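To keep things simple, chains are lettered A, B, C, D and E as they appear, and every chain counts its residues starting from 1.
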Amino acid sequence: QEGSTLAQVKERGELNCGVNTGLVGFAAPDASGNWTGFDVAFCRALAAAVLGDPAKVKFVPTTGQTRFTALSSGEVDVLARNSTWTYSRDTDLKLDFIGVNYYDGQGFMVRSDLGVTSAKELDGATICIQTGTTTELNLADYFRANNMTYTPVNIDSNAEGEQQYMAGACDAYTTDASGLAATRAAFADPETHIILPEIISKEPLGPAVRHGDSNWGDIARWTLNALIAAEEYGVTSRNIEELVRSSENPEVQRLLGTTDELGAMMGLDAEWARRAILAGGNYGEIFAANIGEQTPIGLARGLNAQWTQGGLLYAPPFR
Amino acid sequence: MSDTHAQTVPFVRDTMLPSAAPPVRESGAIRWLRTNLFSGPVNTVLTLLGALIIWFLVSTFWDWFAHSVWNASSLNECRAIIAATWGEDARGACFAVIRERWNQYVFGFYPVELYWRPTMTFGLLMVALAPVLFSASLSIRRVVLGITAVVTLWAMVVLGAPAGWLIFAAAVLVAGLVASERNISWMLPFSLVYPLLGVWFLWGGTLWGPIFVLVGPLLGWLAWRALSRVSPMLATVVAILVTVLFWLVLAGDAARDAEALLPLSIDAVRSDRFGGFLLSLTIGVAGIALSLPLGIVLALARQSDMFLIKSLAVIFIEFIRGVPLITLLFVASLLLNYFLPPGTNFDIILRVIIMVTIFAAAYMAEVIRGGLAALPKGQYEAADALGLDYWKAQRLIVLPQALKISIPGIVSTFIGMFKDTTLVTFVGLYDPLKSMSDAVRANVEWKGIYWEPFIFVGAIFFLICFGMSRYSMYLERRLQRDHR
Amino acid sequence: MEHIERRIDRSQMTVSDEVAIDIRNMNKWYGTFHVLRDIDLTVHKGERIVIAGPSGSGKSTLIRCINRLEEHQAGHIVVDGVELTSDIKNIDKVRSEVGMVFQHFNLFPHLTVLENCTLAPIWVRKVPRKQAEATAMRFLEKVKIPEQAGKYPGQLSGGQQQRVAIARSLCMQPKIMLFDEPTSALDPEMIKEVLDTMIELAEEGMTMICVTHEMGFAQAVANRVIFMDQGQIVEQNNPTDFFNNPKSERTKLFLSQILGH
Amino acid sequence: MEHIERRIDRSQMTVSDEVAIDIRNMNKWYGTFHVLRDIDLTVHKGERIVIAGPSGSGKSTLIRCINRLEEHQAGHIVVDGVELTSDIKNIDKVRSEVGMVFQHFNLFPHLTVLENCTLAPIWVRKVPRKQAEATAMRFLEKVKIPEQAGKYPGQLSGGQQQRVAIARSLCMQPKIMLFDEPTSALDPEMIKEVLDTMIELAEEGMTMICVTHEMGFAQAVANRVIFMDQGQIVEQNNPTDFFNNPKSERTKLFLSQILGH
Amino acid sequence: MLVNDQRYRSLTFQVIVFILVMAAAWWLVDNTIRNLALMGKSFDFGFLFQRAGYDIPQTPIPYTADDSHLRASVVGLLNTLIVAVLGCIAATVLGVIVGVARLSKNWLFARLMTVFVEIFRNMPLLLWILIVYAIFTEILPPPNAFRGEAATSGMILFDHVALTNRYTALPTLAMTNDPGSLDLGARITFNWATIAFVVVLVGGWFARRMIASWAQDVQDRTGSRPTTWWMSLAVMIVPSLLLIWYFGLHLEPPTLQGFNFTGGLNVSNSLVALWLALTLYTAAFIAEIVRAGILAVSRGQSEAAFALGLRPNRTMSLVILPQALRVIIPPLISQYLNLTKNSSLAIAVGYMDLRGTLGGTTLNQTGRELEAIVLMMLTYLALSLIISAGMNVFNARVKLKER
C-alpha cells in the first residue's frame, strides 16, 4: 500500500539498516567503508529479498543512544544492532522485534591474574559498561540481588570500553557474552583474559522494526526465518540452484518458491527467500563466516544451534 | 634677588655631539638577555621555570618522537621494530597508522577511485573564495592561487583523475590566476555558482539537479524585475514565492526528465561515505557560508525597531546560545523527524549542517550586532538624508562598516564552528577525531593506538584554525591601514 | 566678520516668488517635551535663511523636520509642493530634493571621497556611474578639492571633510540645502574654507537654510535671520535690522552674549 | 602672547641658590638609538625652565628621566639631594617630591576628581582621608574647579581635566613640577585656563620644568629657556635673549618656524 | 497603499512575519502531533517518576537504581554544576596567570604562554578531553599496582592520596564526635558539622569585611593603615580550628581493599579529565581576555600612578585592575557560559552529567526522546539565562561615567 515501509523502500530502491557503529563480527566498516558482520548479513539478506540486490543497503551507524529513535523516527527501516528483545522495548518503545538471531547473555571478562573465578567475587569492583544498554540495568539488578557493590565506569562505545579495560581502568568489562568473546579475540594476548562462567541475563538479540506496519514486520521476520529454516533443511548458497531444480522436499520447495507463491502474501515475488539465502548463505553460513569458530571471534554455536542440534533455533514452518 | 634671570648661564653648543654606541652592557646580546630574561629576581626565576618546563616536555617526548616508526602494518609490528632498533625498553611513536590509514582520516569512506573529486572541489574552493577573501592584495592572491593550482593539479594526477576533469580543473585554476592578475571580480560569477558545483562534485549524481536549483532564483529574479516597478515589497515576496515553489514543485521532476533526455551525471557518492576531514570541511565550509548571511539577518532583526521582529530575533538568538551544540545535534538526529511531515527523511549531513549553521548564526548575530552598535548614528542619518532606503543604506553604508569592525569576532566564530564539527561523532557520523579513530582501532592491527591519531588530527586542526586566526589579524591590520 | 574676507557677489542672489518650503503651524514633541511650538515659516526659492538661537532651542530639530529625519506631530510641512506625511513616496521625493550638511560631516569612512559623492546619484537617482563621477568631480572642483577624490575621508582635515560633505549633497542636485552648524566642529583655520564654499553656493542662488553661530556669515549672505528660543520663532528680520536693531529682549540678550564673546 | 592677558606678578618668583636638580653628563639610549647625549643641567629652587625643540629631540625623555619614568644609562641625576639609581627607596623618594603633568592628562577614569586627587596622598603619604580631602579641595579651588570634585574625569572638558591633573600633582605637595606639553592636546579655548593655572603656580615660586611650545608662556614666566635638538642641549638663555637674539643656527631656524606659524 | 505609509509599513511587515512564524510553528506542532500519533506515543512527563534502574558513579545526593528518573536527572544536573563550577574557578585562576604571564617582560615565559594559548585555542575541545582522559587511563597505574609488598606505585602526600587510572583516591574527613545530620527530606541530608563550618566560614568572611572597613576607617582618620592580614587570617582560621578540635575531625586515608581504594573519596577520572580539559581550554580563552583587558588600560595610567609615587603593586590594585576588570568581566562571564555548555561533552568520557542521565540513559531506557531533550534544553537554557542575567546586572553597575 501507499506509504507502507515496503513501498517506501521500493520507491527509494534502497534499504536503510541501522547497525552498530563498530563491533567486529557483528557490524563494522572496513578501511574502505564496506560493512561486514553478522547483523550486516541480515540486512543484506533482507535487501536481497525485497529489492533483489544485497548491495542496495544503506548502513546507518547508530550508537546505543540513538538506535531506537532512529528506528521510530523512520530514519532506518530495520534495526539490526544486537539489541535485546525486552518487554518494555516491545511495548512502551513501540518497537516490534521480529525474532531472535542470536541468543546471548550478559557476562563478565576479567584479567586472569586478578584471581577472580566467579562473578560473585566482584564485590567492590570497578566495572566498565556501555551506557544506554540493557546490560546497565542487568548489572544494577545483579549486584543488588547478590548484595554487592560496584563502581560503574560509563563508556560510550565498545572501542572505548576496550581501551579502559586494557588499561586497567576497570576490573571487569561486562557486555553480552558474544561481544566479550569478540573483544577478547581481538586482544593481542587473549589467554590472559577470562570470561567468567556466570551469565547474568537472557539477551535474545534480534532485529526490530517499527510498531504498526505488520506487513513490513512479516517480511523481516520471515526473511530471518528463511535463513534459519534454510540451514535446517540443508539449503546453502552453494547448493541452492541445484535444490531449486531438484528438491523433493515440499517445505524446501515452498521456501524456494518453486511450488506455492508464498512471497505474494507479503507483497514480494516468489523468489524472495532464494535471493535472501544467496546473499550471504543460510544462518549457519552467516554465523560461520562472521563469528564462528573459524573466525577470530571464535564463537561456538551453543544456544544458537538448530533445535535439532540441541540449540534454540526453531523456524516456524513455511506453509 | 627677585630678578628672574639671575641664575641663567647662557650656553650655546657649537659642535654637535655624534651619536655614540651604548655601553657594552647596554647593547647587543647581553642587554637582550638582561632585559628579556634576567631583569630581576622574579624574572630570573621565571626564565628558569620556563626552561625547566621546556626541558621537561622535550625530555619526556623527545625519545618517543625520535623513535617513531613510519613503516609497519600493525601496532605489534611497530613495537617489534622499535624494540629491535632502539632496545627492549624503548618507547616510540607508531606513525605508520597515519601512513596506512591517512586516506580514511582525510576522505572517510569516499570511494578510493574518486578521491580526486573532493580534492578538486576544495582546490576550486580557493578560486571561488579569491574574490571574497583575498580581493585586496595581488601578491597574496598570487601565492595562494599559485600554490593551490600546483597542489590541486598534482594531487589530482596522483589520485588518478580522468583527463577531462584534469583539464577542467586546470582551466578554472588558470582562469582564476588570470583574473587575479587583471580583475579578480571576474571570478565572482564562479564564486556564485560554486556552492552548487561543489555539492555536485562531492555528492555526484546528475548535473541537472544543481542546474534546476539555479533556475529557481533566476525565475524569481525575473518575477522581481517584472514587478519591482509596481511595488518592491510585493516583488520581493513574489520572487521568493516563485523560487520556493519552483524548487518544491517543478525542480525535481524537471531534473529527472532532463536527465532522461540528456544524461549528464557523474558517479553518485552517498552521505554515509563521507567521513574524516572531508566531512569536517564540508560541514565547516557550508556552515560558514550559510551562517554569515543568516547571522547578518538576525543581527539586523535584533537591531530593528520593530518590536515583534526584534523579540523574535532575541528569543531565537538567546535560545540557541543558551543550549549546548550537542543537544542541537541530538535534535537534528533524533527529533527533526518529529517536526517534519510523516515520512520525510532527509540527509543527516544536511541536517547537521542546518543545526551547525543555526548555532553559528546566533553567535555571528551577536558579533555583528556589536559592529552595528559601534557605528555612529550620523551614518544612518546621512544615508537617510541622501534618500537611500533601508536596504540600500544597510547594504552600502552600514554593513560594510559593521562587518569590518566585526572581523575578529566573525573569524573566531568560524574557528569555533570548525572545531565543533568534531561533535558530529555523537550522532553517528565519522568525524576525524573520535569516530574515525575508533573505527581504525576496531581493527585488530591498530587496537590500542591512541596518541598518534590524536597528534595527526590535532595538528591538522591546529594548522587550519591557526591559519584562519592569523588571516583575520592580517585582514584587520590591512583594513585599519586603509581608509586612514 | 572674522572669517569672511572677500567681496560678495550678490548678482545671482535673487529671491523668487515661488515657495520652496512652507511650514504651517507645525508642532513637535519628544515624548511629552514640546520642542517645536507653532512654527510658521515660508521660504521662497533663492532665499538664504540663517537660524540662530541658544542651545536646545530646537534649531536642529526644525531643520531635521524639513527632510523628515524627525517626524512632526501636528501642522503641515510642504517642501517643493510635496507635503510631508507618513507616505514614503513623498518622503523619498523630498529627501532627494533637499540636501543636508551635518555638524559632524557624517561622511562614509569606508568609501573614497569620489564614492561618497557618487553613491546616492547612482543608487537613488540611477545615474550611470561615468556620468555620476563626472558630476561629482565637477562639484569637488567647486569645493576646491578635486585632487582628494581618491582619498578616504579619514585622510582629510576637518575643513576638507566638511567640503566633501557639501559636495556630496550637491551631487544629488538638490533644490534646497540645509546646514546644521556646519562649522562648529571645525578648528578656526578651517572654518573659513567651509564658509567660502557656502558663500559661493549662495552666490549661485541656492535656496539655503543654515543653523549657524557665524554671525559674519549671516550678515554677509543671509537675506533673513530667524531667532529661535524654547521651540518658537521669536524674531525674524533682515540681517542688518536683526543685528543692529533687535526687537525682542531675548534676541538682544543672545546677541550681546554671542558678539561679546 | 595670545593666551596670556593679565599682568604677571613676579614678586614671589625668586631663584634661590639651593640646587633642586643636578644632571651631570647624562646619556640615554633606546636600544642602540642615542636619545640623550651628555646632558648637563642644574636647576635651582624656584627656577622656571621651559624646554623647547623639534619633535623627537628628546624633551619628553629628558624630563621623564628626572622622575625615573625612564632609566638613564650613563651619568648622574640628583634630585633634591637624592641620586637616582636603581635603588627603589630613592626612586620613591624622588617621585614623591616631583609632580608630573602629562600631555594626555592620564586621569584615572574610574575615580572621581576628588578621589583622583586624594589617592596618592592617602596611599603614599599616608595622610588621613579627611585631611587629604581638605587639601585636595584647596588645590581644586586653586585650579578653579572645586564644584567638579564629585564628577568623573570623563564628564569634564579637556581643559578642566588638565587642571585636575595639575591639582592631583599638587596634592602631593611636590617641590618640583614637570610638565610635558600640558596644553598641546587641548582646544584653543581651553589652553588659556591651563596656562593661567601654571602661571599662578609660577607666581607662588614653584620650581617648574616645562616642555611646551607656548612661547608666550615661556617669555612671560620662564627664567630660562632650553633648546634641545638631537638629544642635546643646543642653547640655553634667558627668554628675552633667547627669543630676540638666538645664537645657534638651529635655534634660529626653529624660532622662525614656530613664531612665523 | 499601506506599505507606503511610514506608520503602517512596519506594522504590516510585522503582521506578515508574525503570521508566517505562527504558521510555521503551527506546522511544526501539527507535524509533531501527527508523528506522535503515528508512532503511538504521547507527550507526557510521567516517565520521570518511574524507576530509573541504572546506577550512577558519582552521586552528590543519595541515589540508587531504585530512585526515579527525576532524581537521576537531578543527580546529573548536580554533576553538571559540579564540573562547571570547578572548571570556572580553575580556568579563571589559570587564565589570569597565563594572561598576565603573556604580558611579562620575560621573553621566554611570555613566548611559552603564547604557545600554550595558541595550542589550546586552536584545537577542538573534544580532542583535549580525549587526550587528557587517555593520559589518565594510559599513564597512571591501576589500583592493584599499589598492592602488596611488591607494589609498583605509592601513594602521595603522606600516604593520603592515590592517583590511579580510575580515580584519585582522597582521604575522608572523619569525626570522633559526630553531631548527626539535618534531614531536608527527599533523602537529602547535611551533616551538622558541615553546616557549622559553613556558618563559621561565612561569619569569618563577614568579620574579615568588618576588619577591612575598620582598617579603612583607621586609615581615613590617621593616614596609616594598620596591618590586618593576620587578623583576617585569624578570624578565618581560628574558629575553624576550634570546630575541627571540637568535632575531632581528622583525615582517614583511603585503603586498598579488594579491587579498589575504599574509606575515602574516589574522584573519578572522568570528572578530573573533563574538568582539566575544560580548564585548560577555557583558560586559553580567558588568558586572552585578561591580556586584552590589561592592555586596554593605557600605559599612561600606570605612568601617572608611578609619577605620583605609587608602588607597582598598589598601582595594579588601585589603578589598573579596577579599570581592566570592567573590560574583562563581560567576556569572562560568557566564557563561563561556554564552559557550562561545553561540559555536556562529558559524554566523551562517560561522566554522568545532565546529558548523560536525562539526555542519555533515561532517554534511552524510556524512549521519551522528545520529552527528555526538551527538558534538557530548557534546563541548560535556564542555566545560561541565570548566568547572563548576572552579567547584565554587573555591566550596568560598573559602566564608566562619560560626558
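Methods note: contacts are C-beta pairs under 8 Å (C-beta built on N, C-alpha and C of every residue); 3 or more make two chains touch, one makes a residue touch a chain.
Remember, it's a predicted structure, so these values are computed and weren't measured experimentally.
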Any chain in contact with chain C as well as chain D:
B, E
Taking every chain's C-alpha mean, which one sits closest to the mean of all protein C-alpha atoms?
B
Maximum distance between Cα centroids and chain D occurs for chain A
What's the farthest chain from chain C if centres are computed as the mean of the Cα atoms?
A
So, in whole Å, the Cα centroid of chain A is separated from that of chain C by 84
Taking each chain's centre as the mean of its CA atoms, how far is chain C from chain E in angstrom?
59
Please compute the C-alpha centroid of chain A, do the same for chain E, then give the distance between them in whole Å.
42
What is the distance in Å between the mean C-alpha positions of chain B and chain C?
48
Counting only residues that touch at least 2 other chains, which ones in chain E make the list?
35, 38, 134, 138, 347-348, 369
In chain A, what residues contact two or more other chains?
69, 73, 160, 163
Would you give the residues of chain B that are in contact with at least 2 other chains, written as numbers and ranges?
334-335, 337-338, 342, 426, 450
Given the complex with chain A, which residues does chain B contribute to the contact?
76, 101, 104, 108-112, 270, 272-273, 275, 333-338, 342-343, 345, 348, 426-428, 430, 435, 438-439, 441-444, 447-448, 450
Residue numbers of chain B touching chain C in their complex, please.
376, 378-379, 381-382, 384-389, 392, 396-397, 400-401, 404, 482-484
Per the touch rule, the chain E residues reaching chain D in their complex are 219-225, 298, 300-301, 303-311, 314, 318-319, 322-323, 326, 400-403
For a test of understanding, state which residues of chain A touch chain E in their complex under the given definition.
64-65, 68-69, 72-73, 89, 92-94, 114, 122-126, 131-132, 136-137, 139-141, 144, 150-156, 160, 163-164, 167-171, 210-212
In the complex of these two chains, what residues of chain E are touching chain B?
1, 3, 10, 13-14, 17-18, 21, 28, 31-32, 34-36, 38, 101, 104-109, 112, 118-119, 121-127, 130-131, 134, 138, 337, 341-342, 344-345, 347-348, 355, 359, 369-370, 373, 376-377, 380-381, 383-385, 388
